[in-house]
Amino acid sequence: MLVPLSYNLRSLFVRKSATLLTVLGVGAVVAIVSGTLALQQGFHHMFTTGGRDDVAVFLRPGATNEGDSQFSRDRGLKLIKSVPEIEIGPNGPLAGMEAYLALLLAPKRGGVTNVPLRGVQPVTFEIRAKEVRISEGRNFTPGHDELVVGARLVDRIENCRIGDVLTLNKTPFKVVGILDHDGQFGGEIWGDLDRLLAAMGRYGPNRVIAQLKPGIELGSPDPAKALFSDEPVEPDEGTVAARLLKDTEVPAKVCTESQYLSSQTVMLSGMLVFIGGGLGFIMGLAAIFTAMNTMLASVAARTREIGILLSIGYRPFPIFLSFLFEALVLGLIGGLVGCVLTLPFNGVSAGAMNFQTFTEMAFAFRVGPMVLLVAIGFSIALGLIGGALPAWRAARLRPTAALRRE
Amino acid sequence: MAQPLIRLKDVTKTYTRGGETLTVLNRLALDMEEGGYFALMGPSGSGKTTLLNLIGGLDRADHGLVAVAGEDLTVLEGAALSAWRARTVGFVFQGFNLIPVLTALENVELPLKLTGLSGKARREHALHALELVGLSDRAKHRPGQLSGGQEQRVAIARAVVSDPKLILADEPTGDLDRASAEQVLTLLDKLNTQMKKTILMVTHDPHAAQHARTIVHLDKGQLGRIEHNQPAAARA
Amino acid sequence: MPPIVLLWRNLWRRPLRSILTVMSLAVAVFLICGLRSIITTIRAAADNCDPRRLAVMSASGLFVELPLHYQARIDKVPGVEITTKFQWFGGYYRSQKNFFAQFAIDPETMFAMYPECKVEPDAIQRMATDRTACIIGSSLAREFGWKVGDTIPLVGALHPHPEDKAWEFKVAGLYHSDRPNFDNRTLFFRWDYFEETLKQGGVPPAVGVYSIRVAPGADVAQVIADVEDVFKDSEQRIDCTTEAEFQRQFQSMFGNMPLFLTWIGAGVLIAILVASVNTMLMAMREQTPDIGILKALGFTDGSMFVLFLLQSTFLALLGGGLGVFGALATAPFISAGLEMFAPGYAVQPGTVVLGAVVALAIGPIAGILPAMRARSLTCIAAFRGE
């Protein structure tokens, strides 16, 4: 026969201050862990939304990211012409060259930061018509010294509002619009490819992007996997990727945009998961200790009651279950408190350095279902682990001993 | 007749419970002389324990005079009251009330920590007190390792160790079997006759009360009859 | 004064609870010390820089390079004692996961300018005679098992080799620095090898950062102003700062991460404070009869207050001490793990003090509520178990 659940629920209510303090303690721990996870999720979300499977990214062989890569303008054009898999649009192939630079700017928190600066050609807006939009002001005019600034930068970096002037080396550029993109572009500054290259004294673009014809498979190995392998990862023979890599004219490393973005997130994402996991483990220990203390005190205070339950015929196992249930409820309420503490962070934007390109990425905390689920699961685990020993102690009591004790 | 050790005049004590005012002691007047052995008897709720607590300075009368050993307890407060208690009164309770984490010897030694005695002198006094109650061999035991009777004897040792004038005992035999109770009562007799301690014992056990020389009956917060008694110890 | 013996004895009244409380306090203080150590380690890099060293980089940021001929012009500025140049190589060994920094340098001026980078004389000799020579940090050598004479192939991700193969560097020796501003996980190789190889492929080499040492007696601020003045109309705008400022700027690029670490620390503190208050309240509830007895025996209200304050301080100091000790004991392991992000991780004396202060503060704060209850509790209420 099971012990009525209301017995345990009422006990939590009767021991108000202990319950409240334990719930707060567990809540703080859950908030720390889910906050870190929300950061990682925000980061991951930023990099993976907008990552398209029908867009190919061409880098110079050997380059690990667009900052490393380099094509001269001629070679870039030659490359575009040599790939029949590229979709043709009304104005020619849907392929453009991009320069990836960084601009040293002053964030409002103080210090300096490298904000990504992307030089693009008009065709980029054809390829990204559905993802990128100008939410305020207007787009830059090709051939002019104008810029559009990512929406996430506006409130975080000085001089990033419409009408402001940003100086690239020695050339002043006017901010004419705000660029909105859920993915990484929302944290970048965009301008005309040729104007940017000229102003920054660079001789060529960094990468080529192109929209692929429907159904094209590149067959490139996942660059994220290559990051962790001991040996260089080569594409399989016969694939588009293998053909382009061995091209005699303009060899290039190609992968889909989704693949490219996941290769860029893997390191920081892994680091955040590692930090979150480490904190979760260490603080989880502390929280388990707290929950265990509360439950031990609860069992000790109710020794007599347990004795009565045992003597009127309840079996030890249901008593074990009932105390475990009590601990679980304790953990669960703590988890809910933790979630409530984390929720206000949803959407708050933050900046962190991308160790692969040494540029700052602006992204927002993302308290999604995944974070909440992990938080709740974590708090349940805390309650169960913290409650197991006290519940076992309660179940092991002998009725006579339990009744005799004061 | 000597100056009374305890003088109660017009003592009134009320409690409020659940919005209802309960008069526990009602204009009580009583003198108890030094060196006496008193038993306070009466049915539950007659105010025996309340009276004991007032005399021990654990509780305060609403009204009236409670003078014990020359001090007016209705005006004594805080640290002065604590110091007075340490000097004047030794308590023995029904539930033994030893500190569970301390050994018998350490429990007995506790009141001496409030005196200026050196550690060595404290231990000697405490051992002496344990000897008096016949438990020298249990000095290193914790309360949990002692029987109820032994625990109560340790409590008695603790009550006398600082040499107070007055021993207050609240149902000292209430939780004990007859043999242990008899040992405890014999000890109290000894404190009264040999060490000249004034003893005030609350009890509802007529047999225990027979050890006192004066039996005071309380009923509904008022003084009942007072019996003078040829105590068992004196008879023996 | 309360009976001091009770402090220790009450600790063992519920051994499991005491151990759990001490452990959770230890964990929290350990974490706070660890988080602070990461921040101080990062800061130490800037704080330990030689104030007479300056860095010159492009005003547009680290991505933009400076022309080679700037060096001669910097050298001419009055008050400049030595100039040396660095270029980020951006290669990797076999796989991208084996990340470490590599720089092309002028050995002679670099070694002269960075005395904290200690190199054996033999290694300097070998470096001078072999064009492909490199010196590597002691941690790096340990990590990959490299020793003098080994050849290290690096894929030039940023600077591809003109023959489309890996660059090869021969280990001339190891360097070691015990200053936090100079890490032990970098590979330095000769500028002339870098420059000549790039030229084979028709790529003009450029410089990432010029480093300057100001001559003794010269005014640092004046030299900075003069250097900036020289290039004010040149093709690349430059930014000249002290090396400490340069390091700080680089660290500010970590973004909001240090702030998050601080938040996490604050969260940990709150969690542990709440847990400690909880434990102390439990202890106080359990010791309620004792309070009654002690008060009846003549112990004052004030001494009961002190007793509970001391008990909680005692617990907190035990836990905090254990946490600080843990932080100190694990420092070498954490240091090895964080070599890449926070080289030279160390627990500063200030952090030990912080841990001690946290422990000292948590005790009384957690104990004050139970202590106040113990003070105001009457004997009668205590016996009734209220």
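Structural remarks
Letters A, B and C name the chains as they come in the text, with residue numbers starting at 1 for each one.
To be clear about the criterion, contacts are C-beta pairs under 8 Å (C-beta built on N, C-alpha and C of every residue); 3 or more make two chains touch, one makes a residue touch a chain.
Small disclaimer: the values here were computed from a predicted structure and weren't measured.
Because contacts link the chains only in sequence, without closing, their graph is best described as a line.
Here C is the chain whose Cα centre lies closest to the centre of all protein Cα atoms. Ranking all chains by how far their C-alpha centres lie from the centre of chain A, first place goes to B.
Here the spacing of chain B and chain C, counted between their Cα centres, is 66 Å. A separation of 25 Å divides the Cα centre of chain A from that of chain C.
Chain A and chain B have CA centres that are 71 Å apart.
Counting partner chains per residue, chain C shows two or more touched chains at no residue at all.
Within the complex formed with chain A, the chain C residues making contact are 14, 16-17, 20-21, 23-24, 27-28, 30-31, 58-64, 90, 92, 94-97, 99, 155-158, 160, 164, 235-237, 239, 248-249, 251-257, 259-260, 263-264, 267-268, 270-272, 274-275, 277-279, 281-282, 285-286.
Considering their complex, residues 17-18, 21-22, 24-25, 28-29, 31-32, 35-36, 39, 60-64, 67-68, 101-104, 107, 109-114, 168-170, 200-202, 226-232, 279, 282-283, 285-287, 289-290, 292-294, 296-297, 300-301, 350-353, 355, 358, 360-361 of chain A touch chain C. Looking at the complex, you find that chain B touches chain C at residues 53, 56, 58-59, 78-79, 82-87, 91, 93, 95, 97-102, 106, 110-111, 113-114, 158. The residues of chain C lying in touch with chain B in their complex are 1, 3, 5-6, 9-10, 12-13, 289-290, 292-302, 378-380, 383.
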